[in-house]
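Read through the structure below, which is laid out as structure tokens, and then see the notes.
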Amino acid sequence: MPQISFNGIFPPIPTPFVDGEVAYDKLASNIEKWRHTGLKGLVVMGSNGEYVYLSAEEKRKLVEKTVELTPDPMLVIAGTGCESTKETIELTRDCADRGAHAALVVTPHYYSGKMNEAAMLAYFTAVADQSPIPILLYNVPKFTQVNMTFRLVSQLSRHPNIVGIKDSTGNVSQLGEFANNVAADFKLLVGTAGALFGGLALGCAGGVLALANVAPELCVKIYDYVKQGDYEAAKKLQLKMIPVNQAVTATYGVPGLKTAMDMLGYFGGDPRPPLLPSSEKEKSEIREILIEAELLT
Amino acid sequence: MPQISFNGIFPPIPTPFVDGEVAYDKLASNIEKWRHTGLKGLVVMGSNGEYVYLSAEEKRKLVEKTVELTPDPMLVIAGTGCESTKETIELTRDCADRGAHAALVVTPHYYSGKMNEAAMLAYFTAVADQSPIPILLYNVPKFTQVNMTFRLVSQLSRHPNIVGIKDSTGNVSQLGEFANNVAADFKLLVGTAGALFGGLALGCAGGVLALANVAPELCVKIYDYVKQGDYEAAKKLQLKMIPVNQAVTATYGVPGLKTAMDMLGYFGGDPRPPLLPSSEKEKSEIREILIEAELLT
Amino acid sequence: MPQISFNGIFPPIPTPFVDGEVAYDKLASNIEKWRHTGLKGLVVMGSNGEYVYLSAEEKRKLVEKTVELTPDPMLVIAGTGCESTKETIELTRDCADRGAHAALVVTPHYYSGKMNEAAMLAYFTAVADQSPIPILLYNVPKFTQVNMTFRLVSQLSRHPNIVGIKDSTGNVSQLGEFANNVAADFKLLVGTAGALFGGLALGCAGGVLALANVAPELCVKIYDYVKQGDYEAAKKLQLKMIPVNQAVTATYGVPGLKTAMDMLGYFGGDPRPPLLPSSEKEKSEIREILIEAELLT
Amino acid sequence: MPQISFNGIFPPIPTPFVDGEVAYDKLASNIEKWRHTGLKGLVVMGSNGEYVYLSAEEKRKLVEKTVELTPDPMLVIAGTGCESTKETIELTRDCADRGAHAALVVTPHYYSGKMNEAAMLAYFTAVADQSPIPILLYNVPKFTQVNMTFRLVSQLSRHPNIVGIKDSTGNVSQLGEFANNVAADFKLLVGTAGALFGGLALGCAGGVLALANVAPELCVKIYDYVKQGDYEAAKKLQLKMIPVNQAVTATYGVPGLKTAMDMLGYFGGDPRPPLLPSSEKEKSEIREILIEAELLT
């Protein structure tokens, strides 16, 4: 297997729905725009992809289509984490069959009180052992109430088929602890754009960023600036992007991200229920934020 | 449709697995034991049923089999809550087709920050509108990080097809607020045995209790005592059951519940991974607690 | 020392301020009203007494005055918990010197992550060892982020000078665990009126209730009904009081409690800054709730 | 008043106790060591100073002595936040009288649910209005459960006597939001060493760091590296310091910080009860971490 590089910026792409069904033509037009922005690849079926709202069948088809629509050399990373070890393995294999280059596997979390280090070690080891494609861990306590310790990440980083982690805590101290303890070629991916500059400066390999859906070029620029050692430029752009990132993540969530996409020439559309679409008031606040950040005029 | 009564005690039954697959013979033998205990019915695919670890297909088959195996006049309530409105409606209908008498629908929760009153009102209304069988709300913040307000529950209680709520907070003040505000024939079901006596004394109709899997007769006794006005006897039994309930819920979780079942003549077995089976140390602690409570000698 | 009985209802009284200073005449007039209501005694300098806003000197004077103003046989319990063991012991002794019958000692909590069982055991043991008056533990995680385990409470209940606990969690299962494990004559006091009936039914000795400041007779009635075995009457009154209790605790806090007192013939007045007084909108909502509960016409 | 610069590194110094009393000779010897390390000044009576365990009188004397012992041009910043507006103002004035250059004022927090933007705005404005010395805000949700919003910080930053904020969240995205919104000369101080490099790279003016008590030179080095634009060197040192910082903050707390001080030639000593001193096991773990970081051989 040729070595894949995960260095760079990836958007966790929203799943476009029209009349409640996945709209592949909208997906195609979005990808057509993203392909010219310097993105390293796409993450399909992450939290921003409303993966919890997709049926098992829809997930398989969505990966297949995304792979089809994504031009070389862009990577397609599929979010394949389910609650059970069994379903996660099956979905990971099926996504591999459909051409996904890697799988992003969220920590199981319904029984969060029982998802201790031993349970998670067994889980990720089993998944990685049986996956034909490399595994990226996905740590997102905001949604899962589970936080991976550096001890656990360190141990998992030694597995030959676990190649990195998306950490969405925005906690640079935690990223630093991971950096200190993981295997040499294990990749740390910043999981929220507010910590992109801070994480890259500490040595992270890239980012999987909601913001990269709506401002891919600027996220890539922050990445490039840091790699070139132009920290001052990176810092300026980082500060400018923080309000937009807040809007499309914590404040307005997936519906807000979709609203921003609609405003910026992508197809966003409505989320699936029970998520409610942005209200008119929210839309107008989002517009203000995009104008303030000079993404919109 | 003849009126169904939800007054009484229901266990949220664990799903028995042998070699990782659902073991219907074990389910049958467990039901054979439960049927003689005074239970009003069974809840299948609740949190104790590891519903998040069952595939869409397994869920349908499990409901079908449970209905088949459960003798009249016991009720079968199916846990049909999925994250998306669409999947929940489909599963609820399919469970109705397979003979479930009612559906227990958990609050959607992955995007817990967005599951506000408006989103939940729309969700439960859509599900109830399209369900052929009555809906019971399921409020379990311990697993979902979402707590239903009394305003929301009050409003939903007016829907002709929403007939009750299982509240697992153990907060009797909240149960009282619900009692003060819901429609007249809306049923409050206590969702954790530690609050059974307190909840029944406040007027709750019954309970859906993990403890009822392993000590069904005693849970039914507490219910009967309160209905007969023998509060002193109810209190004594309640106090005796609290440590056992703690063990099979908060402390040892679903694996502990299964361990206790194995010790008490039911089939418990192992949970599905990533849940780990009880360790030997945990087993011995559970045994102590069961002996202390005179459930085991 | 004659045995003191803590059975009954106690209000944790607000500290009256006029122009920002403690107003003893207002305290006197409030006590004059409370004395005819069946209350067992008063708790001064609890959370509702804004104890954290009183200087060391003010605390001593407030206890002295409260003792002076409170007629036999009403008890005065002084909240004497400080963060340090040393200050708590000093304040407890000084309150004893000024005539307090007992001390209510909150768990220390600034370094909540370090307040484990060992630290709390040492703390309460040291305080009880050196206190001339009996100690009541005060468990209020809502304010302290620390929850006392039943193991800790059980151990402390064996100390000859620790006579009870005020538990403000409203968790009847936890009260039951305490009941199962504490020494025979250790008193459990329900710390929030929403769980009063539930707690008393489980065998609690009484309650320390914000609600008892504004509806003392009704709280005493619930207590009497349960002691007389009239659970049905207790239940009805409990349900009626829940909305008022919510208002004067969780929803509107100490400022709301003071507002309700002003409306019901007591002196409430403004809290000390930084607590803000109730807004006009909040006042009108509180009025509605009091009318609804027939406390106000 | 000459303009004071808060650029640089400040340790929030532990209060040395011998036999439970403040030991000024130990304070003197610690300051004698710190003065040669490049620190910009000292923060006395911060969270690491166990300020909640000091009496009103002890606080005044401690500030007086610290000012006496601290050589020019080092600054002395006094932690003066109390729960009430009144006490905070009094303590701030008294500390100013005793020579403190500035006051660090923590958010009031016992009634955390009521400490909304309006309450905090009124609080900090009143304190700043009446303080003879500049005010630094202190945001430490880990201890207070209160997080200051960027809107609040932005508004307060316009007050002529509020000059900066210590933010201990370690959240660089939040620091960035503050940076985007505060007045031009308002200073952002990183409040935890794990985010020092990340915060400085985003433009923060300095740091108030527990770690600076035990590794002052290295913290100053990180600061200098960033100011000189040597991000690579800053990053390396940051990564090396993260485990030590974790040890003396989250993992072992104030007792662990004092243990590390004892091991590194400072006087640490025991914390005041109820904080327990580090156990032998903890001491040996701390020693390992210091050796690993080459602070100890």
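Order as written gives the chain letters A, B, C and D; numbering starts at 1 within each chain.
Just so it is clear, contacts are C-beta pairs under 8 Å (C-beta built on N, C-alpha and C of every residue); 3 or more make two chains touch, one makes a residue touch a chain.
The structure displayed is predicted, hence computed values, not measured ones.
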At minimum, the number of touching-chain hops separating chain A from chain C is 2
Comparing which residue numbers chain A and chain D contribute to their contact, where sharing over half means same and under half means different, the two sides are same
Taking each chain's mean CA coordinate, chain B and chain C are separated, in whole Å, by 35
In whole angstrom, the CA-centroid distance of chain B from chain D equals 49
Multi-chain touching residues of chain A, meaning two or more other chains, are none
Among line, ring, star, complete and other, the chain contact graph is ring
Chain pairs satisfying touch are A-B, A-D, B-C, C-D
The chain D residues in contact with chain C across the complex are 20, 47, 52-56, 83-87, 108, 110-115, 118-120, 122-123, 126, 142-143, 145, 250, 253-255, 272-276
Within the complex, chain D is touched by chain A residues 170-174, 176-177, 179-180, 192, 194-195, 197-198, 201-203, 229, 231, 235, 238-239, 242-243, 245-246
